[in-house]
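For reference, chains read A, B, C and D in written order, and residue numbers begin at 1 within each chain.
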Amino acid sequence: MKAIKDSVHGHVRLGDLAAELVDTPAFQRLRHIKQLSTVRLVYPSANHTRFEHSLGVYHLAGRAVDGLGVDGDTAAHVRAAAMLHDVGHGPYGHQTEGIIRRATGRDHDDVGWLLTDADREVCQVLERNGLDPERVAGLIDGAGALGPLVSGELDVDRMDYLVRDAHHTGVPYGTVDTGRLVTELRLVGGDGAGGSADLVSDPGHAVDLVLDEGNVATAESLLVARSLMNAVVYRHHVSRVAGAMLERACERYLDRTDTDAAAFRRMADHDLLVELRERVPALGERIERRDLYKRAVWAGIDEVPAGTVDAGRAEERTAEREIADAAGVDRDAVIVDIPSRPTLKESGSAVVVDGVPQRLEDASELVTGLRAAERRRWTLGVYCPAERVDPVATAAREVLGLRATERPAP
Amino acid sequence: MKAIKDSVHGHVRLGDLAAELVDTPAFQRLRHIKQLSTVRLVYPSANHTRFEHSLGVYHLAGRAVDGLGVDGDTAAHVRAAAMLHDVGHGPYGHQTEGIIRRATGRDHDDVGWLLTDADREVCQVLERNGLDPERVAGLIDGAGALGPLVSGELDVDRMDYLVRDAHHTGVPYGTVDTGRLVTELRLVGGDGAGGSADLVSDPGHAVDLVLDEGNVATAESLLVARSLMNAVVYRHHVSRVAGAMLERACERYLDRTDTDAAAFRRMADHDLLVELRERVPALGERIERRDLYKRAVWAGIDEVPAGTVDAGRAEERTAEREIADAAGVDRDAVIVDIPSRPTLKESGSAVVVDGVPQRLEDASELVTGLRAAERRRWTLGVYCPAERVDPVATAAREVLGLRATERPAP
Amino acid sequence: MKAIKDSVHGHVRLGDLAAELVDTPAFQRLRHIKQLSTVRLVYPSANHTRFEHSLGVYHLAGRAVDGLGVDGDTAAHVRAAAMLHDVGHGPYGHQTEGIIRRATGRDHDDVGWLLTDADREVCQVLERNGLDPERVAGLIDGAGALGPLVSGELDVDRMDYLVRDAHHTGVPYGTVDTGRLVTELRLVGGDGAGGSADLVSDPGHAVDLVLDEGNVATAESLLVARSLMNAVVYRHHVSRVAGAMLERACERYLDRTDTDAAAFRRMADHDLLVELRERVPALGERIERRDLYKRAVWAGIDEVPAGTVDAGRAEERTAEREIADAAGVDRDAVIVDIPSRPTLKESGSAVVVDGVPQRLEDASELVTGLRAAERRRWTLGVYCPAERVDPVATAAREVLGLRATERPAP
Amino acid sequence: MKAIKDSVHGHVRLGDLAAELVDTPAFQRLRHIKQLSTVRLVYPSANHTRFEHSLGVYHLAGRAVDGLGVDGDTAAHVRAAAMLHDVGHGPYGHQTEGIIRRATGRDHDDVGWLLTDADREVCQVLERNGLDPERVAGLIDGAGALGPLVSGELDVDRMDYLVRDAHHTGVPYGTVDTGRLVTELRLVGGDGAGGSADLVSDPGHAVDLVLDEGNVATAESLLVARSLMNAVVYRHHVSRVAGAMLERACERYLDRTDTDAAAFRRMADHDLLVELRERVPALGERIERRDLYKRAVWAGIDEVPAGTVDAGRAEERTAEREIADAAGVDRDAVIVDIPSRPTLKESGSAVVVDGVPQRLEDASELVTGLRAAERRRWTLGVYCPAERVDPVATAAREVLGLRATERPAP
């Protein structure tokens, strides 16, 4: 067993397969993809990468399958999937996910193209160790009885990132009790029957991953941690401004160069940072030096027409052009940033109450409140260089049809 | 400046007055009063005392008055009040508060009797240093512009205990950002006017302690931390059983001995533990050895008639007697434990939103959810020795008029 | 598996036997014995007890035997011994060890009298679970191939207490890497042969517990942690003054009452604190209120005649009487505190270097330096009430034959 | 005051000048220079940068000058120097320091060229705020009464990095008590006179920065922390192999391109990583993918002829060529890595003992032991691709004249 020191879990012990997977280029690349992309422009200690996060997820997955009594072949596939769950990420992780999805039709957890490609080392390592790459890719996509452990409402991915992001930002809100969570997981059949290990091997049986009796507060803590981290870290306005600038810069980079989406997806953070500075200097240099656009508009959901809330990237681009023209500024100088409608995926996690598995939203009155809080925090932003804030604000309110509000300028 | 090492705040630096106060017998006694009384029977690391908690509150109060721009005489009084806020506690803190209140009419934060008694060292130290003991006692009771900093919805007391209780239990839910909280506090006049230091010195002015703009999530985190700590720590059923046994034992102790309430209140934990073992051995020995009663009934608020929910100690005692008689067990062997109706004091904390101070319950949709969760978690318990659980359960459901429920026996 | 939350190790999981042992009165009593006795008068957060420490040692022992590949019956005995290693402690732990040894001839880790007594629950629990109480008691005393894991230079006891004492005092020096230590332990035969599990079961084979290749720095860190914790925590002068007062108070208590040594040893901290206040008020009240004696003399090893350094308790008492008489103060008012000669037990721990197990003192040049530092820090103290410091200092220097020194008065 | 969340110090509060300095390009560049360069190939969580480290040093410097009673203009210069102490670093920090020194004659803390250049924002910000850039540059170089606080044996730089590196690697050995260190610093005159603030303003007075009475163990803890971090982190063999590969790659990069030393020094980590991959792919791609050379030789100081221990870069290069030729491998494929002789700068720190400032090496017997341990850990390495280890090992032992040893191959 090889042990790797980890700032969150102490030591992560790697079996032989895991050690081989770590040495593949696809996994080593994760050293160069930061977990929180532009968040580190707000929280300067948040430089942790998807490499150590993936080791942490592997570690928690191992403890969870042990706790579930699942072992052998099935456990090996789950461990491998946990380890590899992020290899499909492009540079700057979630920040380029929309671009890559629009260009390739694939999300970061759709990694069959990578894992099952016999030319690649990951595929070879898996097969050499007797694992089925298709099955690993399926687990990463949430398929099968244990897929939800890797990608679902109660997955080990979020257990690791909430704690890790809290540790590295210094923000105390992501502190969930991973030690308790991984040991309170249970598998139950559609008929409520228990018996984890057997259920997993019975393909004809609907199986749910649930938290055992007495864990409503545990599940709520996961939801609350996510909601507070959203408010204070993941959706911090400075990180959003930088992220939107990065996304625009990437679009222009793809427009201006002959880089195809596949090559783009394979880049690491440092590649992209250099490329953007060289090829899209108006934005790239600003990102590198944290010389960011300012908020011209920062509008709550009640100010924004419903159609605008649901706008896609194309509508954002059109609005950007119209605002720029109306304000008399350069078209590249306006960014419209409309987040998707707020959701709280964790509210669908299942927890046993009085012997019956329930969705957390049915078991906890907190979910309604958290959803409302997420809705309140939803904010549309329009960003531009500091010296153009006034004309852009006026034009943006007009073009986007924003309702008047008491909310003071940011 | 004398520095004391603290497991939570690193170092707490004491000025001369503080160092003198620490040396008084009334303050040294706090070394012998555990912060969480019977919680340590569930969380064995939770042995911290009101001594170090009081030092922590003093530390945070100092940072808060610095942040508010309050200094001189006023700051000195606030610091002294923070340091002394718990000297009125009886043995086992909150666990004996009801008994002492019924016997003396005083709560633990009504400490004028102690601070203004010229025969006592605390009073002498305060006066020797030019402080007014009456004013310090008033602050501990929440009076005056800065009283809410010592005793209120946003007081430094709860900032310290949430973090300290989390640190010492090992539970990750009490993690509030005290560093942010103490620097985001503001004083505003009833007319919304700012200017902390001036407001404090103007006795004709209504003043509110609020969290500055941009801190709804910060305030929510305080509320959530409290709610999760309630669920997992403060109201853990084992601690409640032990606490109820302790309270009954104290009542019997006062009945059987000629100890008066004043002498009882001056006891420390070790005194009480020894006295109960000697004088009320049936309960005292059990508490010392953690040989606890079991739950015969554990009923949610919807099962309990409204009148019963609001029962006082006298009704509890009557019910205990009736249940014991109906079950044919010894009258001392039944404990009925009816908590007061759930409240969340922190929901009244004020936070500035769009320039206007609002109560958190008006600014956050989370409050409703948390209140509902508190209500759901409210539970009536009936406890007795393990071997009498069945007859006591039957008798108790009958006597208390509990409604049928699906909830399984504990 | 029952899980107990621990402030240091997160969760400690108890098997059935462990859970039964925890419920015995002998183990529950450890809740009432503080780990660091009088140290908490200096570090107020240091209120942790031998109860949670014992759980921590049990936890580390389990990880160590897993790492060594030892299981079954042998592992069960080691785990039980780790859990029970401190049940022989008297009130205030090491502080009363000398008194109990002088009265009973037994050290705290000589617990056969307790574990093998068929009238006691501990013995019954062990036998009911198929364990041999004699063998468990032997392990606690360091006997057998795995005895050194429970009581030796590399035992899990010190791994836990160094980290736990650092966590609860807030002092950062006890931070050893327990995660690494427990996985780098190896068993080697007297002939250098490996093969942990086999060696353990071969009674004819001399076996050593060693740290594997590449761990000289790991072993040094343990030694350094101990040395720094000695300097800053364990031998802090205020704790030594209080400890010496406590020891004198206990001697007088045993002289004045008919309490026998066996009953004394069974007391818990709170019992002793109350008894000393009642029966030896001159010292007991002072200890309870932290109204401590002051240092009249504080002399380094070079100032003290060799014979005095090696004085036993009887000589200390004689010196106290002579000093008191010479200074014209009450005989109870002088305490002479002569620590035993400095040792560093950890310097004998074995570590593999270039394939050969060596004693740390042979593998590390640091040991000589640490020993010299321990020697430099050795200090003889004479304590008395503040107002008698001057005459006592003069008389003590005369009676003890201290050499002149430049060292300023404390 | 602007507050920045920091994973180590909680919050770092920035005054106006500090906030302006943070926004300069020279400071923002530090976001892209990792604190521990290649160490993160061993400790994957160690991705922290010189940006947050510099904020931490600024924070500690502020607490130290407060503690020393130094304020006004002098304190402002010290704070600015602490903030800017690392702006002179090239890409990958210390790893390129030798190259830059050989090319420019400047160390990283010789930053006059940068701070006093009126064309640069840093200089402008300093002058606009009434500070003298020359004086700031001098402090960074250790000049003046307070220079040693920024760059010396007791500087706030090492206080921050030891704790920060421990936090981010997860290794528990760098835990020094910064809270105590910064408050126990004193300034004493050459004549032993105290009075911090006055001394600073008296240019005719020799002044020393010392730790106050009672801090020998505190100073030792700093030394021990450094020594253990050296052994386990800073000089870990994998990091050394990667670092040596990086240094060779940089030399070839400068040879092959027309990049001058000044431009090279201005690069950030990501620039260099991309450049090396493109221009020196044989090494650059390996570094990026952590496909590292292996150790062919790993020789202790007693095996190496004295002349070789003191070899410079030129001799290393010659040896590399000779070994490659003798082994029949490509000249680029052999790296000889001879560290400089071990020193422990911290052993010269001054601490007051019995009223007299002494060098730690005179006050503590530990220093000799730590020096010997450093000497024992000194190791010469020869690295090459895994498949050439055998012939390279043989050739290297011959060429370098290594003595035979029992030490097994790594």
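Annotations
Throughout what follows, a contact is a pair of C-beta atoms (placed from the backbone, for glycine too) under 8 Å apart; a residue touches a chain by one contact, two chains touch by 3 or more.
Everything quoted here is computed from the prediction, not taken from an experiment.
Where touching is counted per the definition, the chains common to chain A and chain B are C, D. Taking C-D and A-D together, the chain pair joined by more C-beta contacts is A-D.
Chain A and chain C have centres, each the mean of its CA atoms, that are 49 Å apart. Annotation: 40 Å between the Cα-based centres of chain C and chain D.
Averaged C-alpha coordinates give centres for chain A and chain D that are 35 Å from one another. Among the residues of chain A, those touching two or more other chains are numbered 10, 171. The part of chain A that touches chain B in the complex is made up of residues 171-173, 175-177, 217, 220-221, 224, 228, 231-232, 354-355, 364-370, 372-373, 376-377, 406-408. Taken together, the chain B residues at the contact with chain C in this complex read 4-8, 10, 23, 25, 28-29, 31-32, 34, 40-41, 43-45, 47-49, 51-52, 55, 167-171, 268-271, 273-274, 288-291.
Those residues of chain A lying in contact with chain C across their complex are 3, 10-11, 179-180, 183.
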